[in-house]
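Two complexes, one shared chain (subunit A), two partners (subunit B, subunit C).
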Partner chain A sequence: MPLLPPRWRLVLLALAAVSLPIAAGLVWLILTGSFDRVHGLLPAGPPDAQNWRFLWEGVGGRPPVSTPLLNSFVFAGVVAAAVVLISSMAAYAISRLSFPGRSLYLGLVLVLHAFPAVSLIIAIFYILRLLGLFDTLTGVILVKASLELPLGIWLMKGFFDFLSWEMEMAALVDGMSRWTVFWKIALPLVRPGLLALGTFALLSAWGEFILPFTLIVSSRNWTMAMYLQTFLGESFTDFGMVAAVGLFYATPVIALFLLGQRYLLNIYSGGVKG
Partner chain B sequence: MRGISVTLKGLAKHFGKVVALKTLDLDVRAGELVAFLGPSGCGKTTTLLMIAGIYQPTAGEIYFGERRVEHLHPRDRDVGMVFQSYALYPHLTLFENIAFPLRLKKVSPSEITQKVRETSGLLGIGHVVDRRPAQVSGGQQQRAALARALVKEPQVLLLDEPLSNLDAQIRIQARGEIRRLQQEIGVTSVLVTHDQAEALAMADRVAVFSTGELQQCATPDELYRRPANVFVARFVGHPPMNLLEGRFDNGQFAMGDVRIAVPAGRLTGPGYLGIRPEDANLTGEIPTGVAVVEPLGRENLITVKLGKLDFKVLVDQNVRPATGTAARLGFHQERLHVFDGSGKRTGS
Partner chain C sequence: MKRYAAPFVFLFPATFLIACFFLIPVITTVYLSFTDISTVTFRNPRWVGLANYQALLSDPFMGRILLNTTRYVGLTLLFNVGMGLALALLSSSVRQRWADQIRAVWLLPRILPPVVYVLIWQGLTREAPFGLVSDVVGVSKNWITASPWTVIILANGLVGASFGMLIFTSAIRAIPNDLFYASAVDGATALQTVRRVVLPLLRWPILFVTAYQTLSLLTSFEYILLLTDGGPGFYTTTVWSLHAYKLALSNYVGNVQFGLGAAMAALLVVIGILVSFVYLRIFNFKALVGEPKIEVN
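Here is the complex of A and B:
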């Protein structure tokens, strides 16, 4: 391997220093989860699978881990799909069509984005009760997707604004309808944006705690975040087990992030590479 | 002959309060190439997009032959279009780009392959059809865009500034090729351009637009020899025509202290006298001074002072007066252009 120029070695050093606490946290998580007891970063005693027993048995009256895991997958997956689909269609309309109230709508969407979800939670609670969606996964999915939409719409609008009008005109002249131009020309060209938004929404929904915690009661509707929370007891907490569950909970996110970071970066650079 | 005539009747387009095109009546004959020429924002592209069906006209009718089309979707109009940016689909190869309109028409795959090969061969890009737009040169992209427009054998070909993104050298070559191809196929064509050389070189007739209005539609010769108004006179021709603003009175034109004899009887009252630089000479009777001498190779462009005005004269390359010397300006009497006070041409 060729040696990096000194300037780059400095950059690497700085990056390593910044990443060290995060890496140490992960290592600590792994160690705590894998050994019976840990002193600092030094394991005391032999490796122990006890902390992982939640994988094959219901622990302390909780449902088997497969229930919250499946719920979390459904929750995150449906939220991501809905956000991508709805944002891209709304953003295309805003970017391309002129209709009355367009700028007002854009402004309102931005205002919505400014509300922290927590400030709306009491109102949301009552609305879900009214709709009969309280304590259902569907209800939380609807709420989470709506809260993610403002960002998604603005993000996708940026991507669509960047597309050339002439290309869509060409497609119309070539014989496409407005609808097929959207599906076959516009959408494929903003694919980086769709992937970025999808990854972003998936991660955000996967990590969501407040909404399910407030809006779901029954253990059969728990998500992974709620499942993890139940291990943090008021009087006694088995930190080995919390670490194991936490690690288990984080694994899909880490995998997805490794796969999707290229697209996530697109959100911040906002460009379409031809 | 495949082309059909295109007739515009009372066509107008408003965007909210902005009038992009005032009432336009124009007839493009079958197989003809008409160029829409004008500065940006003059309504030429708006008109083209209405013919294509991208814009809905605010008022008026569009006919392709006998068929009224202004209410039809672009795909039902049978037009091919080339855009300034070429608008090729970046995620498809050139082959797929050219095949695109045929696939939408549900043409059989074997026929598509044959037609795409034929058209791309005709345009000299047969060897690069497997590449994507970003992997070929600008000239090849331009030809691919033209191939995509022609492959479905449209009745009307619309060209929106098709050459302005090309290098000057390739541009002159490409304009000859497009013209030859258009005549071979006989497809009725409309070319939008802001480049007068392109319009004059390629078109059977040129329609000059300004501020949303058609100024004149005529053959390149006619446009040059008999501009209909001051705008066309100024816009067409390079170097541009000298336009003097003054008064016509009984065989004489007066602008300040300057008096110029003109053929009698054409106009009395305020107006403009137009003289092309090549119709003026330095062997006349009006006393002036040489301000600037620009050798252009084949000829010299001399700027002389006429009152406060800079007057351009195009002279032979062996006539080269020194800057600051006196000169006597003269004109071809029968090639003077006379416009009335509102800028309209009068007389022959």
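Here is the complex of A and C:
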């Protein structure tokens, strides 16, 4: 709103007050991971490196943390790359090429974008079993990437629609193929879109819990989300160490949050699914 | 046919994956719901018609689950939309620099991995002297077991509120400045401007956020699964989607009743598809599918 109310500082104070619990949560995670004992938000013991022992030893029969960490990197990286490439290709076709059923295709993408994919998990479990992809990282990667496609196609179509087409026309007239036009001219021009979609897909896959939890069993295929979850269900939880695991797992996300707040806000305000 | 070679190549990977993991699963869910598929009969399920649906109707816990689902969706929705609206209105009334900071803080629960987010909730709701909530309230309890619903709704709400906040904020930004100046010239107070100018213009975004979040809440169970796993005790916080998931995919009744879970999921899928079609009307569909500018393939 262009005109701020005269007492906008009071409003700001109220906003800060309601936002305090979120900040408190983050502070709790950092403190509990670092100290021996934390009462509320006050450290009641010395800093404790023992919380981080999961880094150099397997804890309670779990694999060393390097296994799920590597799996999570592969999972998030491949999913993000696949989503960005495959959605861009489809979005480019919908935005630029003429083919029968084009508006039907876009309608399908829109419906799927709104459709809550998690309700399909039971059937997906069954299909992966039949395909022999159950309990494999490949299987979860395929599923996760597919479920992000409607959003990705939708987002990228918006970016391609916005490009002026004269340059592409010129390249086509000069004899470039459609693929070369896409790769050399269109894609570099929508770099902000690629970056936004890539970041979103990366964050979403990094945090993904339900899919690996349902579709993976063997501990050698665990992702970080599953590794951390095994600590939550224990009857006696060593919160110091679990918080350290959580902090370790969330570090890339927290770093991105602290460094790129404005950038994240733009991505999530730009019509990206909530 | 050469004319359609390019669209085919560009669309093939996306279409293939969407078919495998969206379209076929929709059909599979419905198909499985008509079979007796379970751990024992996994490889060769038998067609049983509507037996699963009849079993659902006669399930003595169904009333409880429906009640839980209504409570979960209704109350969380109220929190999400109300808080989202409040955050959007309040943060639009302070200096931009501060507003962005506040909105960014509210993004944090959304971008944190759900398991880490739930871990934080578990830590904050522990007994004294560890849990911050027990400290602040002055009563030492494990708040997740003591008031599971409050924790579930707040945990979901803090994540969900940012969705409404962002949508409402951009809707407020889209209001022409003239309207605010006109209302100021007419002597309206800030509250009157919000009540008479802003809120009426937010009607569509509010409707959209409500519809969208109703659907996603109806099918979401991630935070409940992690926070209470449907307990404490018997079905205390089990909602429809969580029950479907557990019937089909976890071994908590011995033999996994895949078909029964699929029947519950199939109803969600049908609702999901119907509501998604309604969205096509909310989005201005015709305007979005204008013909492409270059017709050469």
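As a convention for this text, the second predicted complex is superposed on the first by the 231 of 274 C-alpha atoms of A that agree within 3 Å, B and C clash if a C-alpha of one lies under 4 Å from a C-alpha of the other, contacts with A are read in each partner's own complex, and residues count from 1 in each chain.
By definition in this document, a residue touches a chain if its C-beta (ideal position, glycine included) is under 8 Å from a C-beta of that chain, and two chains touch if they have at least 3 such contacts.
The shown structure was predicted, so the numbers you read here are calculated from the model rather than taken from an experiment.
> I'd like to know which partner A:Ala244 touches here: subunit B for first, subunit C for second, both or neither.
Touch partners of A:Ala244: none, neither subunit B nor subunit C.
> Does the superposition put A:Leu189 against subunit B (first), subunit C (second), both, or neither?
Touch status of A:Leu189: first partner only.
> Classify the contacts of A:Leu172 with the two partner chains as first (subunit B alone), second (subunit C alone), both, or neither.
A:Leu172 contacts both subunit B and subunit C.
> Decide which partner touches more residues of subunit A, taking subunit B and subunit C as the two options.
After superposition, C is the partner touching more of subunit A.
> Taking the superposition on A as described, I'd like to know which of subunit B and subunit C A:Gln261 touches: first, second, both or neither.
Touch status of A:Gln261: second partner only.
> In the superposed arrangement, does A:Val78 touch subunit B (first), subunit C (second), both or neither?
In the superposed model, A:Val78 contacts neither subunit B nor subunit C.
> Once chain A of both complexes is superposed, is A:Leu197 in touch with subunit B (first), subunit C (second), both, or neither?
A:Leu197: touches no partner chain.
> Which positions of subunit A sit in both the subunit B and the subunit C interface?
169, 172, 274
> Under the definition above, what is the set of subunit C residues touching subunit A in their complex?
So the residues of subunit C touching subunit A come out as 4, 6-7, 9-11, 13-15, 17-18, 20-22, 24-26, 28-29, 32, 37, 42, 87, 90-95, 98, 100-124, 126, 129-132, 135-136, 158, 160, 162-163, 166, 169-170, 172, 175, 177, 180-181, 184, 190, 193, 198, 212-213, 215-216, 218-222, 225-226, 241, 244-245, 248-249, 258, 261-262, 265, 268-269, 272-273, 275-277, 279-280, 283, 285, 288-289, 291-297.
> For subunit B, which residues are in contact with subunit A within the complex?
Residue positions touching the partner: 49, 52-54, 73-75, 79-81, 83-85, 87-91, 100-101, 104-105, 133-134, 148, 152, 158.
> Spell out the residues on subunit A that touch subunit C in their complex, using ranges where they run on.
For this pair, the touching residues of subunit A are 1-6, 8-9, 11-12, 14-16, 18-19, 21-26, 28-29, 32, 37-41, 44, 86-87, 89-90, 92-100, 102-103, 105-108, 110-112, 114-127, 129, 142-143, 145-147, 149-150, 153, 165, 168-169, 172, 178-179, 182, 203, 206-207, 209-210, 214, 224-225, 228-229, 232, 237, 239, 242-243, 246, 249-250, 253-254, 256-257, 261-262, 264-265, 268-269, 274.
> Quick one: in the complex, what on subunit A touches subunit B?
Result: residues 164, 166-167, 169-177, 185, 188-189, 274 of subunit A touch subunit B.
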